[in-house]
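Think of it as A, B, C and D in the order they're written, each chain with its own count starting at 1.
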């Protein structure tokens, strides 16, 4: 499903990733961990094509990303649901619309949008805040909206970047349980997190980054 | 130093805090914990006067906040360093300027600004990123900048709202150690967090909120 | 299809930022109103100066007692000239009558006159487009060569000053209108552009969620179109109320205003211009979208 | 003191968002340029029409053989009138000379004349500000009552048409300039306002960090002042280049342009107007700051 071959990524005078090799198969659930600034977000960005690798090849669902035409990028992204570390909620749209937009982009009709958005908000326990604006939500509530938006369109891959940074342990555990359920339906899930609690005893693969290097793999 | 007397805060149709009473003495270090949406951020906002209580009284350093003239608010805020949960970094200014602004506002001269900002960036291990812009930093790096900005002006109170949500356990522990050091100098520190690891074995007061109610106090 | 969402998004966006959108709309309206006034002034100045050449004529004084064949010969030769519009024969008697009319209250100066001292003459009018100092000079030289023509007279100074007023006014007014219009169009465009800038975050989010170029662009362009058209309609309302509330009332008391031409149908172009401005501004503000 | 920071912040902000700031600057410059052209046109039209009343005069025809005391009496009575500027006595001999000059080539009509048929007369010029159909009528009636005055003549029609042209032009031009200036000033203000809106987040952050109102406002207002002044200077450069590159060159070939008045020193107001616009726009855009 996802293959990194000798991938490196440099920013100006900063090396974010160095010679990374790994594969993730369809239906897998994988954790990526490492200290602050180790390259977790960069690795996810390479997958959802927000950044291009400086060296090496990445293939996603059989596509070589560096041979992809620019106009196909949106369609590839529609198979990926992303929980952005910085949320990327639209401050001028309410919660319903923020989640609905993921479906609207895919051309889903109004009626289906409504039921699916409300379902998705229910899974993150925020159905009652459907008409609020992002600013009126607590940090953790905002984070759960982002999670709802990432899964509402039932993508084939979910990338979650520090999805529980603002959630208390119980809510966080609930989110991981949710990811596991989705994973059981065959959806590939990649979670970048520094929180060891999340992958402890999950029996899932954990890829460990440090300072841009892949330093090891274990089972959580 | 900080006294809450029967304080309640309601948003539109949402009760964020209900009948809260507590006192924090000068030089204390206190944790506030509770699940997502329990009112931690709201409580801190009442202290730094970003919100007004709907009922009850709050006194800070001897000032009754509801009797405070609006023009004195900036001067009261200058005694408080805040780590905002949503960072509030200025995207059009580089890291140096983002931290320096806390000193500029207080009228510190250029030379002192420079040494103090660099010192402060060193404590959060980001001195080398002094010329970067917030967007070029990882989530955890941004969070550390916010911490640097909160402490750079050596305020008498530090309010930290989920200051380690994007930090790995080692870095997070480092930040708590930093807060403890500052606290030893007599600075009052209030940390709102859902992360139990932070206050475990600190021997500090922990105030527990749930759904807007103060449900208990313990020692971490 | 993305179209219905695009319209909904655009309308929502217009409503949510209503104050700043209203400001842009008013800016565009004002801009178009000013252009319209400028065009309207040019139109009227042009109409007014167009009539000036009609007042120009040349006088040919004929030899005494030129009749029949000789006179016809002169008239026909003149008619053949491309620059000539009308040829009018004025007998010495008619000329005296005209002179008396011109002198009016002072015509007792002619009372002592025994015999009519005036010659027969021919009044030439030139074609409007041919009226110019050069043509008049050429024609005068030619006419003098015709047998039977004694002398040619025309307001040489009058003509050249009229000519320079016409050309001068045209240059001034055209310069002004070109500068003004270019300026106003730039101002409107820049307003729309400033209005849409700093939406990069919003656009970036749409793209990362998998939106196509069309999906991202459509709401912004529709919003620009709405703002532009609204501005155009407002300016149309403005110009029509100006007509009914100012011009029409003034023309009742001051006759000069009756002469002002007001081509209302042309002003229907305003909403279209607004639409064009809005769309162009938004499109250029969005720039090239890269994924 | 916050002042040095304020300036530094403002300059940095101008540089960082240079394109959009440049756009606003150009917008203001264009706006001011257009106002200047408008004012400049009014100024010239006004100057041109001011000379029209100078051409107006009234003729008083006197009784035959009015000399000495009688003539002096008439002249003194006229001089006492407030509306009168000059009183010129024209003897019948001078009048004939003038008529001959006017008829020019056609003055052979006077050849048959034996005795001079013209009367003595007085030419009255009115004070510029007094020239109006009403005053002329009143003066004519008064003058007729003076002993020795036979008849009063003046271009009644000429006067009233000149008058309506003057009043009409003034109304049109003043309406246009008021509308245009109000419009342009609004446009400039709205540009600055749109430029500064959506900075609420930045302002909120400053406030939460403990900044006073002055600290928050100063950089924005200085930035507005910079943009406004730059716009004003640009328009000044524009107007001066227009003068040297267009007007001066045209006046060499087309004499009419020599008559155009160009009050360069007034245009020095432009940067000040720009400054004022920038500051006002920014101040209003910031609104009331609450903590």
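Quick note on the criterion: a contact is a pair of C-beta atoms (placed from the backbone, for glycine too) under 8 Å apart; a residue touches a chain by one contact, two chains touch by 3 or more.
This is a predicted model, so every value here is computed, not measured.
Contact with both chain B and chain C is made by A, D. Path length between chain A and chain B in the chain contact graph, taken as the least number of steps between touching chains: 1.
When every chain is reduced to the mean of its CA atoms, the largest separation from chain D belongs to A.
Centres computed as Cα averages put chain A at a distance of 63 Å from chain C.
If each chain is reduced to the centroid of its CA atoms, chain A and chain D end up 68 Å from each other. Computed centre separation for the pair chain C/chain D is 23 angstrom, with centres defined by C-alpha atoms. Chain contacts in this assembly form a single closed ring in which each chain touches exactly two others. Contact annotation for chain pairs lists A-B, A-C, B-D, C-D, with touch applied as defined. On the chain D side of its complex with chain C, the touching residues are 20, 23-24, 26-27, 30-31, 33-34, 37, 41, 99, 105-106, 108-115, 117-118, 153, 164-165, 167-168, 171, 175-176, 179-180, 183-184, 186-187, 190-191, 193-195, 197-198, 242, 246, 250, 254-257.
Residues 11-12, 14, 33-37, 40-41, 85-86, 136, 138-141, 143-144, 161-162, 165-171, 194-196 of chain B are the ones touching chain A in the complex. Of all the residues in chain A, the ones that touch chain C in their complex are 48-50, 70-71, 73-75, 77-78, 80, 82, 84, 88, 90, 92-93, 101-102, 104-107, 149. Chain contact summary for the complex, chain D toward chain B: residues 1-2, 5, 12-13, 16-17, 201-202, 204-213, 215, 290-291.
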